[in-house]
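The letters A, B and C name the chains in turn, as written, and every chain counts its residues from 1.
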Amino acid sequence: MLTVRTLDVAYGAITVLRGVSLHVKAGEVVAIVGANGAGKTTLLKAVTGLVHPTRGDIWLGGSSILSTGTAGIVAAGCSLVPEGRQIFGDLSVRDNLLLGGYVQYRRGKAAEVDADLKRVLDMFPILGKRSSQLGGTLSGGEQQMLAIGRALMARPTLLMLDEPSMGLAPLIVKEIFEVISRISKAGCTVLLVEQNARGALKIASRGYVLETGRIVLEGSAEDLLASSEMQRAYLGRDVNVDSERGTP
Amino acid sequence: MSALFFQYLMAGLTYGMIYAVVGMGFNIIYNATGVINFAQGEFVMLGGMIAVTLVAYLPLPLAIVLAVLATMVVGALVELLFIRWLTSPSVLRMIIITVGVSILIREAALLIWGQNVRALPYFTGTEITSLSIGGARVSPQVVWTLAACSALVALTTAFFRWSSAGKQMRACASNRVAASLCGLPTRNLITASFVLSAGMGALAGCVVSPITYTQYNIGTGLAIKGFTVAILGGLGSSLAAVTAGLVLGVFEAFAVSVLPSAYKDAVSIALLLAILFLRPTGLFAARVAYRP
Amino acid sequence: MTINRYGQVAIFLACAAGLQLAAAAAGKGFLLTQLTMSAYYTLVVVGMSLLMGYAGQISLGHAGFFAVGGYTSAVLTTLDLAPHRGSPLVAGAERLGLLLVRPDLYGGDLLVVRPVVACALAIALALVLAVLVGIPVLKLKGHYLAMATLGVGTIVYSVALGTQWLGAADGIAAVPPFPLPFGASVSGRPDGRIVNYYVAVGLLGAAMLLALNLVQARVGRALRAIHGAEDAAGAMGVDTARLKLGTFVLSAALAAVAGVFLTHFNGGIGPAEASVMRSVKYMAIVAVGGIGSLWGSLGMSVALTFLSLRGYFGVYDDVVFGAILVGIMLFAPQGLLALEPRRALAALRARLRRAGGQAG
């Protein structure tokens, strides 16, 4: 569904991504993990058209989207839940979600929007309760759900999430990952970028590790979770030292 | 209430509503783009000037409508030519550009219409007609001005609060990246904010032209006063802009009753500086999202 | 080989001298008049270049400071204080030797303030104004300062235009020469043309030296840090507020000095010197010369003000500067000299391609 080929992205003189290649097959959940500054957000921004690569190509569902604008990419079925939630604080929850459904009007599917709204509010009951409240009054976890719900309103075939667990309490993080899992099971392809490597890999089928702009590891999620390099660098465990301690 | 006092009050309210509309125009563009559009006052001038030219050939209502539409086109052109294709310019650069644009518009107006002072005919009656309101005499044009500006404010507020296009513009103003991720046509929404501001300013310019006259250079003073209103009232709320505009207009009118009228502009600017002086940390946070 | 700042100023003075000699040789000594005026206007531009380029602040009313300087010295040196001899202020000033008696145009006598004293008072007034405006406003974002300075400039203009004893629309005329050592003076007399030229050039050179000193010293580097990233600079201990205020006040002082001397040179001043358009012209010149390039601003200023004064732009004077402003900011925000045509063209093409591909 999504193919990225030897992508280079630079901000002025600083190259943030180098020769990044990855792919996401329909129905998969793919996780991209890495530390701060590795370039994960830039990668998603490039896919969604917010930044322009200096080299390489990006293919969505069989055609290149390099010169398609963000609006076109969203209309083609690729939605991004951005880093830091980025909901519309001064608009109500309901309005936030309805705006997410804007592409449906472009596609001529306005009739489906109301049904979609109901479905999203059912998926996130807390949003249903707060549907007329302003987005800015929601808690961090609720805003994250709102952001995901807003992206879902566009009926994406590929949902990308940028660090959905950031800044959230562990219990909420668990909930968020469960929601993502559910979304995937409902048929949506998911590309998940996370610093929380363990949580992301547990719900993913495959993963990539991004380090200072390059893919340094890739493989099935199980393999990555078990690999000792991963364990040491991203999962916080040195196998040789901690083997007496149980699995967290 | 003495007749003179009432006179000054009406003059103040009339000018005040115009300032409020200019201030709202500032707000709309600022909220959408973070740009303080120095050319805002020129839209008011253009509305009046174009209408004056057209009224020689067309009935007054049609002349006004076309003048407003023409100014809206100018507003769109300003955005398309000078603002749209700049990628994250600095505040300094944006200020300089809009100052330059306002000069170009003003000089074009000078070229087309010369230095002559012009005025639209009174919508109803003449300059000596007056209505009796509460025992005092008020020109019907004043009533037109207050009514038209109030309608403008009300319609704009309703537009932003309830219409989907208005909510789209608010979303774009609140968080442009998030808006584009919703698939919203952010660039066109920004152009729309310029078109809306230009149209509002133009209508205000038409409706007040019979009383205050129109000249190629009235734009700069209006821009300053509009900015004062925007600061006073808050770069966000339209009700506050109206209140601030009326306060400024009335203050100016009464100040001129005790000081020479040549100081009229100086007085309201002094108020602006006093506000900035007394609230040095800035009255409002940067990029306050629009609150209708 | 980078020439140090003294060398740069020396080269500048040499060029100025060369220009004067060339004009004399070509029999066009009268050009010195406009060149002298250009030099004084350039003094304002140098101050603005410091303000815009190094402190990253914008002033849309700098002509106001010029006018404050010019009008103050004009009023003080032409207003007859004789009728007020009785008042304690005038009597005290006379005793301190701050006043002098000089003949007026009609054969009578005027009791006026000494030009030197008037100059000092003019500059002091401009400084006070700059501090009053600068302190509250420099803490705010860019457009607050822009509007506040626009406001100040407009107030000065309104007051100059509307006040009778400031000459209203006609301004003040018959301003006496400003006496200099060795019997020279700053005035418009043709036989003093060459001396006046070098006085102006000298002032400009001194100002450039001062500016270069600031820019290359710790202060300048600090200022550039502000312009780049104010919060970071603040976190590193740079007193951003004080530096911005200092630069603002200095630029106001330079404008006031220019105002004083040009008024004596021209023998008068009018409200047009305080107009918004004048301020905008100063800004346009800094922009085209390169915001952040002192010599660029100086060069552009001399060239453009000279052309404008000689009337080359005709009735389109304002349009030219407005167009320059817009054009430079759109296409070459770093100034004309920083423009790299090929790279700019490629960037333009890329942007148009993108703009075409996305309407929303």
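By definition in this document, a residue touches a chain if its C-beta (ideal position, glycine included) is under 8 Å from a C-beta of that chain, and two chains touch if they have at least 3 such contacts.
Computed from a predicted model, the values in this text were never measured in an experiment.
Summarising the inter-chain contacts, the pair of chains with the most C-beta pairs in contact is B-C. Greatest Cα centroid separation from chain C: this falls to A. Computed centre separation for the pair chain A/chain C is 55 angstrom, with centres defined by C-alpha atoms. Taking each chain's centre as the mean of its C-alpha atoms, chain A lies 43 Å from chain B. Separating the centre of chain B from that of chain C, both taken as means of CA atoms, is a distance of 32 Å. In chain B, the positions touching at least two other chains are 180, 183-186.
The residues of chain A that reach two or more other chains are 70-71, listed in rising order.
In chain C, the positions touching at least two other chains are 358-360. By the touch rule above, chain B contacts chain C in their complex via residues 36, 82, 84-87, 89-93, 95-97, 99-101, 103-104, 107, 180, 183-188, 220-221, 224, 227, 231, 260, 262-266, 269-270, 272-273, 276-278, 280-282, 286. Residues of chain C touching chain B in their complex: 52, 56, 58, 60, 132-133, 135-137, 139-144, 146-148, 150-152, 154-155, 158-159, 161-163, 276-277, 280, 283-284, 287, 291, 316, 318-319, 321-326, 329-330, 333, 351-352, 355, 358-360. Every residue of chain B that touches chain A in the complex is listed here, in rising order: 164, 167-168, 170-171, 174-175, 177-186, 289-291.
Listing the residues of chain A that touch chain B in their complex gives 48, 50, 70-71, 74-75, 79-80, 82, 86-91, 95, 98-100, 102-103, 106, 150-151, 154.
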